[in-house]
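Heads up, the next two complexes both have chain A, just with different partners, chain B and then chain C.
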Partner chain A sequence: MSDQTAEPAPAAAATSSQPQVAPAASTNGDAKTTKPAEDAPKKLSPAELKKQKQAEKQARRAQQKGPGGPPKEQGTPKDAQKQSKEPKQGAKNEQARPMPLRRRPSQSNVPIQKEPEKKSKKESRQAGVGLFFGHLYSQPKQQSMNGAGKDVHPAVLSLGLQYSSYAICGSTARMVAMLLSFKAVIESYQTPPGTSLARHLTNHHLSPQIEYLRSCRPLSISMGNAIRWLKDVIIKIDPATPEAEAKRDLLEEIDIFIRERVTAADRLIRDLAATKIEPGDVVLTYASSSIVEQAILRAHEAGTPFSVIVVDSKPLFEGKQLARKLANAGVKVRYYLITGASHAIKDATKVFLGAHAMMSNGRLYSRVGTASVSMLASAQSLPVIVLCQSVKFTEKVALDSIVGNEVAPAEELLSEAERRDLLPLKSMLPSSRAASKNDDKAATAEEEKPDTSDVLKWIAESKNLHHLQVLYDVTPAKYIDMVITEYGGLPPSSVPVVHRLSTSI
Partner chain B sequence: MSTNSEFDIVSSYRRILNEDPELTMPVAAIEALVEAIAQSSVSTVAETLDLLERHTAALKASIANPISLSAGTDLFQRYLITTLNRPASLNLGPDDDFRAIRNHLLSNGKLFVERAKQSREKIASFGKHFIRDGATVLTNGGSRVVGALLRRAAESSTIRFKVIYVVPSSRSSDANEGDQTVSDLRAHNVPVATISDSAVAYSLGKVDMVIVGAEGVVENGGIISRMGTYQMGLLAKSKGKPFYVVAESHKFVRLYPLSQFDLPIEQKVLDFKVTDDLKVSKTGDKESVDEGIADMTLKHTSTGLDSQDAVDFTPPDLISGIITESGVLTPSAVSEELIKIWF
Partner chain C sequence: MAQSTVIQAPGLSTFLKLLKTTPVDPSVEHLISLLKRRQIRNSRPCAIATTALLLRVVGEFKGRDAAKLVERIRQVGRRLTSAQPREVVVGNIVRRVLGLVREVVDENADGQTPTGSEAPTPVPNDSLHRPTLASSMSTFSPLKHAVAEPMHVGVYDGNMSDSGELSRRPPLLSSHTSYAPPSAGPLVNSLFGLFSQPADTPSATSTPTGAHSPNGKTTFTQQNLERLGEMSRGQTSLDLKGEVMEGIRELQDELETSDKQIAEVALEHIHANEIILTHTASTTVQKFLMYAARKRKFTVVHAETYPHDNRDTHGVLLTGRKRELRQDEDDEDDKWKPLTEAGIQVYVIPDSHVFAIMSRVNKVILATHTVLANGSLVAAAGAHMIAKAAKEHQTPVVVLSGVYKLSPVYPFDIDELIEHGDAGGVVPYEDGDFVDKVDVENPLYDYVPADLVDLYITNLGGHAPSYLYRIVADHYRSEDISL
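Presenting the complex of A and B:
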C-alpha cells in the first residue's frame, strides 16, 4: 500500500508529542485492551473542550519543535491532514501552516478526551500511517465500555462492543441493530420535567448514544441516513402529545421504517436480482453481502441451475461465511481469495456485489477489493450488478477512496498464526541483530518464550514499515452496469434521482 | 382470446394497426385497450385493472416481439392506476360515480393517441437541427420517425445533406417503409446511396452522423432496435461519429437488458447445427433468405423471431443522444424519465 513510502519523521514527532507519555512501543501491542478515560466527554461544554484541546495541541507543538523534533517541512503534510480532522484551533503557530478545509463531517466534532496514555498509543499507530491515510485516524477505536458516558443505554453499550468486534458487520445489519437498540432507549426514556420529548430526546438523550456508537466504529452511511430520519420524526412530534403516546408512535415508526426500507426492500431486490440469474450462469460475488446471499438462495430455490464463485480477502474473511451458507443450501460454490480473482473472473458470467453505500455520482462504496473485482469484470465485459437498498444511498460524492474511508486497527491484518510464523524471523531484526552480537544468551532466552504480540511491536518500532488496513474502496460508475434497488433496476447515474425520491417521501 | 369472450383485443389491435399505417405498436395497443374498456361494462376500479391485465396478457402473447407493445400497455396501466387512485386530480368529487371516471379515462385515452401521433412531427422539428448543412447521414431504415425527420430536413431549403441508407438485407416487415423514405428523399433532391449491412464500416469514412430509430428505449438508456443497429453503433463509436436515436417517449420500456441475450423474447438468430440441413433456409438461415422462402418462414414467428425481424440491443455507452418529443436526452436521462412516470 501507499503507506510504505511514508517518511519516518512524523512518527517520531507524534510519539514524542505527549508530555507525560509512557514509551509508545511498550504499550502498542495491547492496543485492544486500552482503557479510555472515564471522564465523560459530554460533561464538557464545546468551548471548554476546544480550550483544552488547544492547550494540548500547543504543548505538542512545543514538544515537536524541541530537540529531536523533525524539521518542520517534513511534519507539515502529516499535521495538515491531522488538522483537517480536528476543530480549527486558534494557536498562532498554526497560521503559517496550510490548513485544508476538507473535513469529514461524521468525525469532525467527536470529543477526544482520552487519558494521555491512551493518546500516545493512538499517536504511535497513527504516526505509522503514511501520507495518504493519516487523516482517517481521528480517534482510537473504542474496544471496551469503560469510559462510556453514564447516559449510554446498556443496549447501546453492548451493541457498540458488537460493532467494534465485527460481531455485527455489514451496513444494513448495523443500521437495523442500531434502530432496535434505539427502540430500547426510547422505551426506557422519560422526559425530564420542564422539557418536551421532541426537544429533549434527540439532543440530550440520543446524541450520547450515537457518539458512543461512533466511537466504537464510524457510522455507516445507512446508519447516518436512519439517524437523520429518526431525528426528523422526533422533531416533528407535536409537543402536546402525551409522552406515552409519543413513545409508542416512535417505536411504531421505527418498526415501519425497518419493515419498509429493509425487510420489504430486501424482498423486492432479492426477487428482482434472482430473475437476473439465468440457467448456466456463474455468479461471482465479493466478500459477503446479505442481500446477495438472499438473491442467490432465492434463485436456487427457484430451481435455476447455476453456480457461485465467492471471492474473499483478508483479514475479515467475510466470504467464508457466505460460501459456507450457500454450500449448505446446496449451491455449488467455489471459493477464491482476491489474489486469484483474475482467474475466478474468467469462469464467471455475472458479478453481483453488495454495497456499503451508493454515492450520488453513481460510485459504489463497498468493502475494499470491490473496485478491483468490478474492474476485472468490466475488462471481461461481464455485467456488474450492485444490490443496494435505497436507504444506503447518499447525497455525498466520492472521487477516490482516500478522502472518506474507514481505517481498522492494523493489528487485525496479521492473524495469530501469521504472527507466530513470523516469530522465528526475530534474529533478522536490526535491533536484535545488534543485541545478539553483544549478548547471545539474552536473545535466545527471549525467543524461548515467544509472544505473538512481539511481532506487532517490531512493526510499530520499525521505521520503514507501516501497517494499514482500510475497510472500503470506491468503484467508479463506469464499471457498474446496474444497481438493483427496491425501485427496480437502475443505471448508476440514476442514484441521485432515487435518493431524492426516497428521502422526499 | 380465451380469457375474454366479449371482446377480441388482438383482432382490434391488428385492425387499428392496419387502418392507420402511421400508428406505432404501443399507441395501437393503447387504442385497443381504450376500445376494450369502452366496450366493457366494468363498474369498479378493480374490475377495470383486471380487465386491462387480461387484455394486455392476451395481446402480448399474440405477437412474437412484445417489447415495443409493452411500452404502451405498461404506460396505460400506470396512467390508469394513478388516475383511478386519485379521482380528485380529474376534478371529480368523491361522490361522482365510476362511470364519470371511466368516461374521463376514455376521452383522455383518445387524447393520448392524438398526442402520440403528433409527437413524430415534433421530433422531426427538434431533430432536423442536428443535421448540419453539407452533412452525410447514415441511417438504417424502417423507422417511420427517422423517415419523418429526414423528410422534414429535406423540405427545409437551408439544409443540403446526403443520406446513406442501409437497406434491410431481407424482406423484413418494414422494408417497404424504407423504400418509401428513399424515394421520398430522392424526390426532394436529397442524394441517397443505398448500401447493405456489410458496407457500413466501408462507408463510415464519408459519414458525419448516424441516426437510427428504435423499437424500445430501455431503462439504462440503451435501445432495442432492428438487427444491425448494435453493430452500427459499435462502428460509429470506434470511428467517433455521433450516434443519435430518434424515438417517441411512449417507446420507453421498463426493461433492463444486460446483454444481447437478456431480452424477454426468443430469437432464432443463433442456430447451431452439426449437419447441413437440406432445408437450410426453411428456418431462416441468417440473412441469405430469398423471397419465396421468407414467406414460408413467417409461420414460425409465433414461437420466436426470425432473423429478418430480429432485434438487438445497443448499450447506452454507444449512444450520443436520444431525440424525443420532450427534448433531446442523454441515455442516462432515460431512467430519470422512467422513474418520473413510475413513481
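Presenting the complex of A and C:
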C-alpha cells in the first residue's frame, strides 16, 4: 500500500508504460519488483525517479544481451535431455580443480555487473552492496593482464595475478613476494638519461607497478609499510653514486629488510610464542597464519604434548591447509568451521591468532571471523595471543570493520558445489514462476541446460538480493591479551609505541 | 511402503501418507526408524509426525480406561523420545497429549457435580474423591482454597513444574506429589498471582490447550489418576477417545497456525528502515519478516549458516520456500514469495561476518530448534556466536518460536542436547586424507544461554526469557515431565 502512495503520480504515468514494452515475460516480473525497491532507501523527486528507472532498464537490457542470456535459454530445450548428464560431469571436473577455475565465472560476470554502475551512480549505490560497504567499491578488481600498462614489469604482472587469485595470500607472504619482484624490477631498471635514479625510479618506474598491484588486490598494510620504506631508501641514495652501485645497494637493502623484519622477526616471535604453549594445552587458531603455524610446529618439535584446534570458514578455507600441514607434522589437530566455534572454544585453553595488521588503537585487523573467535574466547577467559611482526603495525586506527575493509567478489560466496545444489530450484524462482503462469506449466517443466553460472545470474537478476563478502574484520582491543612481536610480548595498547620505535630508526 | 519409498525419499510426507493405511504398531516402528535415520528432522516435521501418530494411537485405543490410555501414550512416547532424544519436540508433543487426556478426564470429573461452574467445583470434588490423600494435602481448607482460587492457578502451576523438575532426580521422586502442594500455600500466592493472572488470558484465547488451563488447578497425583480411572470406567457417557482426539486435532491446528500467529505481531517489533540480522532458512522467521514487509521497509542481513543450512538458506532467499515443503504444498504458489519479492533488501553474508556487520544491525532475529524451560535455547550452530556478538554490541536479540518448541527440560547437561553431524558436511569426501589425519567436527546445534536473549516471541505473544517457565507450566502437567 505504501508503495503506491509513495510513488509520485506523474512519474508513474510517464514510466509505467515503459516496462511493458520490455518483451520477455520474465522482465515483466522484474519490473514489478523494482518499484518497491526504488522506494526503499529514500524518497526521490519525480525527475530523479524517472532517470533512475530508465537507467535501470538499460542496465537490465544490457544484462540480457550479455553472454549466456536469452539466446542460450531458447536454444537448449531441444537437446536438454541429451545434455542433462554431460554438464554435470563437467561441473564436477570444474569443482575438482581449485581456485583459478572457480574464479572464471566471476571473471566473465564482472563486466556485466560493472555496466549498470557506470550508467548511473545513484543506482550503483542502491543496487550494489552499497548499504554497508558502498564506500569501498571504488574500482573493479583487476582479474587479467589486459588492462595493465606497458610499463609493468613481467614479474609484477604475474605477481598481480597470483594476488587476485589468492595464490599468494597472507600479508607477510604478499609483502615478501612484492619486494622480491621489485628486486627484479630494479635489476632490469635503467635510469633514462637526464634524470637520476633517486628521482626517477620511485615516481616513474615503481609507481605503475604499485598501481597495477593495487588494482589486482588492495595493498596490505605490510605492503604499504614496505613501499614507504623502499621509497625512503631510494630517495636517500646519493645522486652521485654510479647507477650499478646504487642498484646493488638497493637490492642489498631489500634483502636486509626481508631478513631483519620478516625472517629474523619470525624466528623471535616463533620462539617466544612456542614457550607460551605448555604441556596439555589445547591451542585454538583461526584460519591460517604462517607465524602461528611456525610457533606451533616449534613447540611440537620441542616435544611439548599439546593439541590444536583449527577453526576455519568459507570461502577461502585457509585453515584447511594449516590443519593439513600440522597433521602431517604429527600434531593432533581438530577442525571446526566457524559455526561450531562456540563448541571449539569450550575445549581450548589458549587462542593464537595471526594478524593482517595491528591498528594504533590496539585493535587487530585480521581475517574476517577473527573477531567472533576472540570474542568467544575472551568470554571464556581464555588468553588471546596475537602473533604479529612489527612491520604489520600501522598508525591507522579503526573502530569497526566497516570503515576500512577489502571487499571480496560476491560470486565467491557460493562455491561450485553449492551452485549445483541450487540448480533444481530453477522452476521455483519468482521470475520463472511468473512466466509459468502465462505459459503452460509444462513449458517450464522442461529443464534447461543446467549451468552453475545460472545461479549467479539469478542472484544478479534478483533486484533485492545481494551477496556480501569482505575479507577482514576488526577485533576490539579488549579481547586481546597479548601481542607477541619481535620486540617481545606486549599489551595491545603498546602497539602505537612500538610502531613509532620501529619506524623512527 | 516399499513402493512409495522407491518413488520418494522417505520423510515426513511419505510417513503421513502411509500412516493413513498402516496399522498403529508398524507406524510407530516406522516413525522410530525415520527419526533414527534422521529422515524426519527439525522441530516442525517431528512435531507434525508425532501428533499425527498419536492421533492414530488414541484413535485405535480400545477401552475406556484413562489410566491405560495414558500408559499407552506414555509407552509410545518413551520409545519415540529414546529413538531421537535430541528432537525434544517429540517429547513435548507426547507430554501435551498426555496432558490432554488428563484434562479430559478432569473435566468430566468436574462435570459430574451439579454446579458445573468452574471455580468452586474442584474443591468439593477433591475432598470427596480423595480419601487416601497425603496429610499435607488435607491441610488445605476448602474455604481457603476457594478464596485463593482465581489467583491460585498461576503459582500453583509454576510450583508444579519446579517440583516436576525435581522429580527427575531419583531420590525426590516419591516425595514430590506431597511436596509441591504445601509450597503453594495460599499466603505466598497472592502477590505472584496478581501478575500471573492476566497472562493466562492470551493463552486461553490463542492456544487450544491453553483454553482448558483452568483445570490445571486440580492436583493430579497418581492416586488421583487411579481414582479418575475408576470413575471413568463407571461413567458410560464419557467419550474419552473422542475428546482427546479433538484435542489432538486442535494441537495440529496450533502447529499449523503458530507461524502465522507469530508473524502477526511482526509489526509490533519491526520498525521502518531497520537492519535485521537473521540466520538459517527458518519458515517462522521468513513468515515473520514477510508479514512485516507488507507494511514496512527494512533490510535483512542473512547469515547463511554454513555448512548445515546454507543450501536451504540460499534456496529460501531465491525462491521463498524450503525444499522439504516442496512436494506437499504445490498448490500454494502465491503464498511462497521470497522476501526480496516484497521489496526487502536482503544481504547474504557468510557466518564469519557476523561480528563485522553487527555494528550496523538494529535487531537480531533468531530461529530456534528447542526452547528450554529456563529461557535458554538450542538453535542452529552459529547462533551462540550471533547472540554473543549482538550482546557485545548491545543489539537486542529476539527469538521466534512456536509454543510446541518450548520444552520442560532444564539444561543440566548442555552437551547432551547438542547433535553432531557428519564430517562430510565440513570437509568434502574428496579430501579423504584430510579426514584421516584431522578430527573434523560438525556440531549442528548451539546452546544459547538465556542471558543472551532479550525477547521470545511465541504464538502467545512476547515474553521475557525469565517468564518462560510459566508457559511451560501452563502447557505440561508436572507428572508428565519425566516420561
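We take it that the second predicted complex is superposed on the first by the 367 of 505 C-alpha atoms of A that agree within 3 Å, B and C clash if a C-alpha of one lies under 4 Å from a C-alpha of the other, contacts with A are read in each partner's own complex, and residues count from 1 in each chain.
The rule is short, and it goes like this: a contact is a pair of C-beta atoms (placed from the backbone, for glycine too) under 8 Å apart; a residue touches a chain by one contact, two chains touch by 3 or more.
Bear in mind the structure is a predicted one, so any value in this text is a computation, not a measurement.
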Side-by-side fit of chain B and chain C on chain A, or clash: fit
Partner chain(s) touched by A:504 [first = chain B, second = chain C, both, neither]: neither
Which superposed partner A:469 touches (first chain B, second chain C, both, neither): second
Touching partner for A:315 - first (chain B), second (chain C), both, neither: second
Greater residue coverage of chain A in the superposed arrangement, chain B or chain C: C
Contacts of A:372 with chain B and chain C, given as first, second, both or neither: second
Partner chain in contact with A:383 - chain B first, chain C second, else both or neither: first
Partner chain in contact with A:482 - chain B first, chain C second, else both or neither: first
Chain C versus chain B - closest C-alpha approach in the superposed model, Å: 18
Residues of chain A contacting chain B in one complex and chain C in the other: none
Chain C partner contacts - residues on chain A that touch it in the complex: 1-3, 33, 35-37, 39-40, 96, 129, 131-132, 310, 313-315, 320, 323-324, 327-328, 332-344, 367-369, 371-372, 375-376, 379, 400-402, 405, 413-414, 417-418, 421-422, 425, 428-430, 433, 458-459, 462-470, 472-474
In the complex with chain A, residue positions of chain B that touch it: 219-221, 254, 256, 258-259, 262, 316, 332, 335-336, 339, 342-343
Chain A residues touching chain B - in the complex, by the definition given at the top: 276, 278, 350, 383, 385, 481-482, 487-491, 493-494, 497-498, 501
Chain C - residues contacting chain A, complex: 275, 295, 297, 299, 301, 304-308, 310-311, 314-315, 317-321, 326, 333, 336-357, 359-360, 380-382, 384-385, 388-389, 392, 418, 426-428, 430-431, 434, 437-443, 446
